[in-house]
Structures are given as structure tokens and as C-alpha cells.
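Presented sequentially are two complexes of subunit A, the first with subunit B as partner and the second with subunit C.
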Partner chain A sequence: MTRAETPPNRSSGRVSAVASSATAATAGLPRLGRVVVAEDDPDICAVVVLALGRVGGLEVTACADGRAVLDLVPDLVPDLYLLDVMMPEMDGLETLRRLELDPRTAAVPVIFMTARVRPTELETYYRMGAAGVIAKPFDPLTLTHHLQRLYAESRHAEP
Partner chain B sequence: MQELCSAQPLQVLLIEDNSADARLVRALLAEAEDRGVAFGVAWVTGLDAALDAVGRCRFDAVLLDLGLPDARGSDLIETLHAAAPEAAIIVASGQAADDCLLAQAIIRKGAEDFLPKDGLSVALLARTITTAIERRRTTTALRARTAQLETALIDARIGQLSWVPTSPEAALAGDLPRFLGVAVTGARLSMRRLLRQVSGPVRQSLYAAWRELAAGADRLAVVLVEHDRSGAGRGHDLLIETVVQRDAGGRIVRLDALVRDTAMIGHVERLEAEMITHLGHELRTPLTTIRGTLGLLAHGQDALTVPARQLVENAIANAERIDRVIGDTLGSSTDQPASRRFQPRRVALGPHLYDALTARLPDNAEQADRPNLTLTTTSRSLEVMVDAARLRRAVDCLFAQLHGRAGRADRLALEVSLQGAVAWLKLALPATTAHDIEWANAGNLETARPRPAVIPGGTTGLCIAVPLAA
Partner chain C sequence: MPSPDPLADLRARFIERSRERVASLRQLIDAAVEDRVRGSPSADMHEADATPAEAITRLAHQLAGAAGTFGYPAMSRAAAALEDRVRAAGQTARPLDPGSLEPLLAALERRVTELGASAC
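Let's look at the complex of A and B:
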């Protein structure tokens, strides 16, 4: 796996950004370290990788669709999955379903990152087991903070 | 031309009479494959050959030179557009690299983009073609959805009825006469004649509807049976929406009714929702990149001069303004979803909830299973719609915990629906004050007594308005 702060190209499907520092905003909460991102739009993917990696100090692995996310298991099981909903090959909802079926990833919270945030759509995401939703467009400077908060809530909510 | 029909990802028709230019474009597009975008390119030198090509194969994009031996000018775009409406047309011309008026004219004629031949690169060419194809597909899909929605809207409207009591005639339009079983060809007939012609059940329905209207209803749901010539009937669930004008004494002076098929209304609403979702996605995807890129630029403030930083911040404000307009127009909020923003507040559940819970518990529930809670009044409230089965399980678990009979859980989670959006009501049970319940998630709805409700999805349950502590 390559590591660089660039989005995945359409053929290779994934790339990583390495954490530079821990974010100070997360003090006292369960610490979010590694995130796998699935986003088919290369421009948005570049923004997310930079926002989480360079700005947020997280270790980010980016994929172009859900199938590439599943291919990472078991080599990489992150602290959190951040998935686009509409993707080619395998969309975010199907990816979530498969992650929940796999005991190695079932406990990893999944957060959707989508422009589809009508109430009925949110209902679907949460019914399927999403730990949260990031609405597009988002502020890249607060993205890590939102993920950290949702991650902490999902850890706290576990029985 | 055979290669055109192969399974290349993006098929491009290059219309170029200059062989050197054509070779350059083909070489650049071939090189693009190394960057992850593959093009299948067919090259023709004139309009006739181009029209022949688009007649035989489907192209994703047409790269067009406006100066061809057998045709010239921007009218070429309209001709090709008519022949291959699904293809994105991009004009590549050496005529005017900086001619804004020409570029505008070209776009107005239906081209997706304009490429000056000078300075062509792999990246520029590949990106221009792929984004033009994307735009074309989006536009085509939106037009198809719009046409589908318009058709459904027409289908959903059964007809209209207008009636002025002082007039001897009522006006029927659309399919309404057929639905009422009235054998009239004209649009108008007397109300007396109408009632005489309709069948007994229909007449009863109309009388019942009239009583409802006279009592002030403005929406009626009725079932009418449509009869064919053999006498067989087919039921239709109709929604009658009326606008009633009354005089000072409350008497109806004019009634206009729109009659729609309920099944079709549902279909229309689904189509509308799909269209809004699609449009929102198409608008917000590029906006996400713009907003995100600007945010990252603003973050690297050291690299920006003060005027540049101000420009970036202006651009961010305008991107957010566009997003708000999209949200207002499409009716979908641009805020980050709040369903999971747990904001713990301390409340106690009181008589209203107690009555509702005990009233809805199964008959075989033991008296000891009934919760004993108290109410604290507050200024805000949360309307919770709880599925009855889930509520029962949660109440059982809650009671067991309160009385120390079973389990070690110190919190519960209820799935609830807030105005159609699912959220979770979290109940935490502090060990020291067993009857206080600390819980999370907020609503901003009016306080109301618990009432039986139909949960979205069809199951029955309770709708509970619980005040929140400030």
C-alpha cells in the first residue's frame, strides 16, 4: 500500500496519509487514530484526505469504492469508517452491511458522508446501523472534530 | 469504425479535418489511459461522415472542429446535437482562444465546453471531456426525471369539479365523469341530473362528502367504484381537495374541488423525493469540493497574503450561501444532521407518560411491570414516536433496572422517530436517584399528550411529547 497525501486514482483505488500529530480537540475522549475513507469523487477524496490527515492528524486510508474498503480487511481494520453513500461497484449502504456481517469489522463504527440528508434518508442510514452522518458540503477544518465526537459517542453507546 | 463499438469506457468522436491536429488529439487521449481514464476514439473529417458515425454507434462525447470542409460555424453544434442528443459536444477550435463571445455562442448552441487548440495537454483534454460527459449525463437524467414527474402529475389528477349553488349546473372536467359513472360528454350538467345518473353507492358517497364539506372539511378521502360496461367495478381511493367560498352566514357560495388518485399521489411524491435527492446530490458534490478546497486554503494562512485570505474567506461565505439556497430550494437542511448530537438533559417522566405506558402495555403485563415515574415541567419538549413493541421491551428493561430485579445495564436505548427522522432516545439510570432519568437527544416540538400513532413504516405505537429540562 502506498502512503501519500493524495487522493486515490481510479485504477489503484486507495492511498494513505500518515498522521502528523494528535489533535488537541480530542483530549479526554476515546482517541480516534486510523480512519478508512471511501469516496469515489477524486476531488472530494483529496479534500477529505487532507482535512483528516494534514489538518486533523489522523492516519487516513482512502478508497474509491466499498469493495476496496472490504479488500483492506484483515490487513487494516481502522478505528472508524467514513463512507460516501453513492459509489460505483459497491455503495456505502452495502459496504456497511458487509462490514457488520464480518466479526472483524462489526464493532467498527461507520459514518456516512453524503449530500443525501433528507429525513427519510437519515432514517435509513441510522436504521442500518450508521454511527453518524456528515452532510456534504462540510467544513474541512472541523471534519476531524465531528468524526472524533461521533466516534466517542459510538464508543460510549456500546452496551 | 468497428472499434467504436468496442467496450471502451468513454467513446469519443473526433471531427477534425486537419490530420496533424487529429493525430495530436488521439495521442493525448491515448496517453490519458496512463492516468486512469481510457478513451475509445473514432476520427472523421467531415459532417456527413460524423452524422453517419453517430447514426451507427453511441458516443459519450463529440470533439468538434467548427471549420470543416463540408460545413462551418456554430450551427454544426445544433445539427450534431439533434443527431446525438446523449453525447456531450466539446468544441475544439484554433479560431479564438480568448474569444469570450464565441465561447458564449458555442455554449448557447448546446455545446458543453470550449477548448482552444493552442496549449492542449493530456490533463486539460481528459478533464474537459470527462466533466463534459458528466454534465451531459446529469442534465439528461434530470430532464428524464422531470418528464417522468410531469407525466405522473397529469396522471394523478383525475379531474375537477366546480359548483355554484345558485347555478343549476356543475362543471366536471378530466376523468371525473367517468369515475362517477356519469354518461355525459359535455363538461357541464345539472347537479340534480348528476345525482340522478350516478349509482346508489356513489350517490351515498357524494352525500357523505357533501355533509363533510358543509361541516367545513377541505380534504376528503373517498372510495369510488369505477364501472365498466359489463358492470364490473374497480375501486379507486380518491383524495378530494376543495376550496370553499362562504358568505357571511357560512353558506357555501362556490366550491372548487380537485380530485386526485391517492395511489398516484404516492407515486408523485416518491418521484418528487427522488428528484430532489438527485438534484441535491448533483449540486452539492461539486460544492463539497469547492467548499473543502477553500477551507483548506484558508487553513494554510501563512501562504496567503492578507488580500488573498480575504478573497478566500469571501469565496467560502459565498459557497455556504449557495449551499443554503440549495437547502432552502430543495427543502433539505444544510446543517450537519443532529440526530446523533446527544445533549444530555435531566428530566423525569410523569403522569402523562405513565398513563400512556400503562394504557398501552399488554393486558397480561404484571402490575409490578408498570413504571412509576414523575413529571418535571419544562419550557421545551420532544415528540417521541415509539414503536409499541420496542417501548414494551424498553419499559420492561427499565422497570427491571429500577427495581434491581435483573440486569446490570445502566442505560437503555430506544429507537425513536422525530418528524420522520430516526434518532435514539438514550435513557441513563443514575444509581442514586432511581426515579430520575437522564437522557439525551433534543427536539423542539410542541408539548402534547401521548397518543396512539402510526409510526412511519406502518407499525403502531405511541406519540409522546416529553418536556425537556432547560
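Let's look at the complex of A and C:
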């Protein structure tokens, strides 16, 4: 089962429980098209690319670390970033920080995929501005569905 | 004719790569023993790894995450147990005891061997 975790209500600072079903009303909201993935593990990276690309029909660009993600800007600014947290060279948290500092990417939602999903860790991700968390291990065949939902929710939450 | 399981090819590649990773873990643990004697770096370490313990943690972490994603929970748990043991050792002042890792590594090797056999 893919555990897709939704961000807390930022005004309350509360971290929500794991959500496993698509409950958001996504009709009429923008559809996810282009995704940049950063994952240093080649096996997981291959699974994510297959799941989002061949199975999910998304346009996927894969990077081995956060620095490669930043190097894509401005040639490629996707609809969404999907970042591993633990990566060599530049980890997901630092990558998020830099993406938020760049006006060209600041509005693009960032979702983390990580096995580190203790409450304190989730609080850190959301406090830094993550739009959601995909907990590892995840079900590759439902990954696109969960990303689409988190993307729709992040767009819906915008003022 | 394409396989009905979209992950079939990736699973096969993962199992093959897992054998290589477990072999690397074995070498790293052996190197950790050597490092305790000689204080020299190991040849199997990634450039981001400062010590054999960091390299073992990284490899075990990757194996745990990927195995779970491919639907091999027993192997994932075995790799996670190894990762947790090395992390726990890192939080103490004591040096890593490679001997304490041996049963965990052996369990992980068994899981990988079983997967390889069932995939044949």
C-alpha cells in the first residue's frame, strides 16, 4: 500500500495521520503532467520512472541527487518535484530550501519520498514547505494516483 | 511479448543487484574489521561515506527501501535490522563491532538467496 501523507493544517501546525485513500475532490483541478524525480537508489529510481511514466502517463525526468535537480532550472521547471530525502551531494531538504529561494521554482510543490516518517520528521518536512510525503516502501502501481491527489490538494490550497 | 507485470524486468534486475550489494556489505564489514586494525579506508566506500559504517548504513538503507517497494518485506526487514544495528552503534562512543553484524548479514544473505532461487 502506498502511504501518502498529507500536509498539516499549517495554521495549527498539526501533522495529519497517514491517508491511504484519495479523498480529495480533484475534479476540475489542474492535472499533473511533468514531474522531476530525485532518487539516488537506481532500483527505486527505475521503479518510480516506470510507475509515473509508463504506468501513469506522466512526463518524468530523473536525477540522482538534488544538485542535478537544480541544474535543470530554468530549462525544465516541472509541475511537481518528487524528492528522496537522503541523497549524497545534496539531500532533499537542502534541495527544497533552494527551490523555494528561486522565484522560478518557489511555487512548484515538492513532495518527499522517504522511509523517515516519524512525527518529528514529518513536522520538519512540512515546516520547510513540503506539499506531501510518500512513505517508503510504496506501491509503485498506485504512486501516480497518490501524487496526483497531493498535487491537486497543493493547488487547491493556494490562495 | 511484454510481461503482464510491468515491474517484472525491474524485479529481476533488483534481485541480481541485491546479490552484488550483499557481497559489498560483506566486504565492507570485513573492511571494518581491517580498519579497526589498520585505520585504513575501504575500497567499497562511496565518496559520500566517511567510514565503513556509513557505507554499510547507506547500502542497507537502500536495500531495505527498494526491497519493500518491490514487494519483498522479509528482505526489507532483514536489511533494516542491519541498518538499525549500525546506526545504533554510531550513537554510542564504542567502535562498531563487526562481529555483532554477522548474524544480521547472514540473515540478509539468506533472504537474497531465497529470492534468487524463487526467481529462477
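By definition in this document, the second predicted complex is superposed on the first by the 130 of 159 C-alpha atoms of A that agree within 3 Å, B and C clash if a C-alpha of one lies under 4 Å from a C-alpha of the other, contacts with A are read in each partner's own complex, and residues count from 1 in each chain.
One rule holds for everything that comes next: a residue touches a chain if its C-beta (ideal position, glycine included) is under 8 Å from a C-beta of that chain, and two chains touch if they have at least 3 such contacts.
All figures in this text were calculated on a predicted structure; none of them were measured in a lab.
Using the overlay on subunit A, decide if subunit B and subunit C clash or can fit next to each other.
Taken together on subunit A, subunit C would clash with subunit B, as the superposition shows.
On subunit A, which partner touches more residues: subunit B or subunit C?
Greater contact footprint in residues on subunit A: B.
Between subunit B (first) and subunit C (second), which does A:Val55 come into contact with in this model arrangement: first, second, both, or neither?
both
Applying the touch criterion given at the start, work out whether A:Leu82 contacts subunit B, subunit C, both or neither, answering first, second, both or neither.
neither
Regarding the shared-chain residue A:Ile134, is it in contact with subunit B (first), subunit C (second), both, or neither?
Only subunit B is touched by A:Ile134; subunit C is not.
So in the superposed three-chain picture, is A:Val35 touching just subunit B, just subunit C, both, or none of them (first/second/both/neither)?
neither
Which holds for A:Leu93: it touches subunit B only (first), subunit C only (second), both, or neither?
A:Leu93: touches no partner chain.
Have a look at where A:Leu150 lands relative to subunit B and subunit C in the superposition and call it first, second, both or neither.
First partner only, subunit B.
Between subunit B (first) and subunit C (second), which, if any, makes contact with A:Pro119: first, second, both or neither?
The first partner, subunit B, only.
Superposing the two structures on chain A, identify the stretch of subunit B from 199-207, 289-297, 379-387 or 451-459 that clashes with subunit C.
Answer for the clashing stretch of subunit B: 289-297.
Can you pull the subunit A residues that subunit B and subunit C both touch?
The overlap between the subunit B and subunit C interfaces on subunit A comprises residues 41, 43-44, 47, 50, 55, 86, 115, 136-138, 140-141.
Quick check: in the complex, which residue numbers of subunit A touch subunit C?
Interface residues on the subunit A side: 40-44, 46-47, 50, 54-55, 86, 88-89, 115, 136-138, 140-141.
Going by the contact rule set out above, which residues of subunit B touch subunit A in the complex?
Within the complex, subunit B touches subunit A at residues 35-37, 273, 276-277, 280-281, 283-293, 295-296, 298-299, 319, 323, 331-337, 339-340, 342, 409, 413, 415, 417, 419-424, 426, 456.
Please name which positions on subunit A make contact with subunit B in the complex.
Counting only subunit A, the residues touching subunit B are 9-11, 41, 43-44, 47-48, 50-51, 55, 86, 114-123, 126-127, 131-141, 146, 150, 153, 157, 159.
Enumerate the contact residues on subunit C facing subunit A in the complex.
Interface residues on subunit C, with respect to subunit A: 6-7, 10, 13-14, 17, 46-48, 61-62, 64-70, 76.
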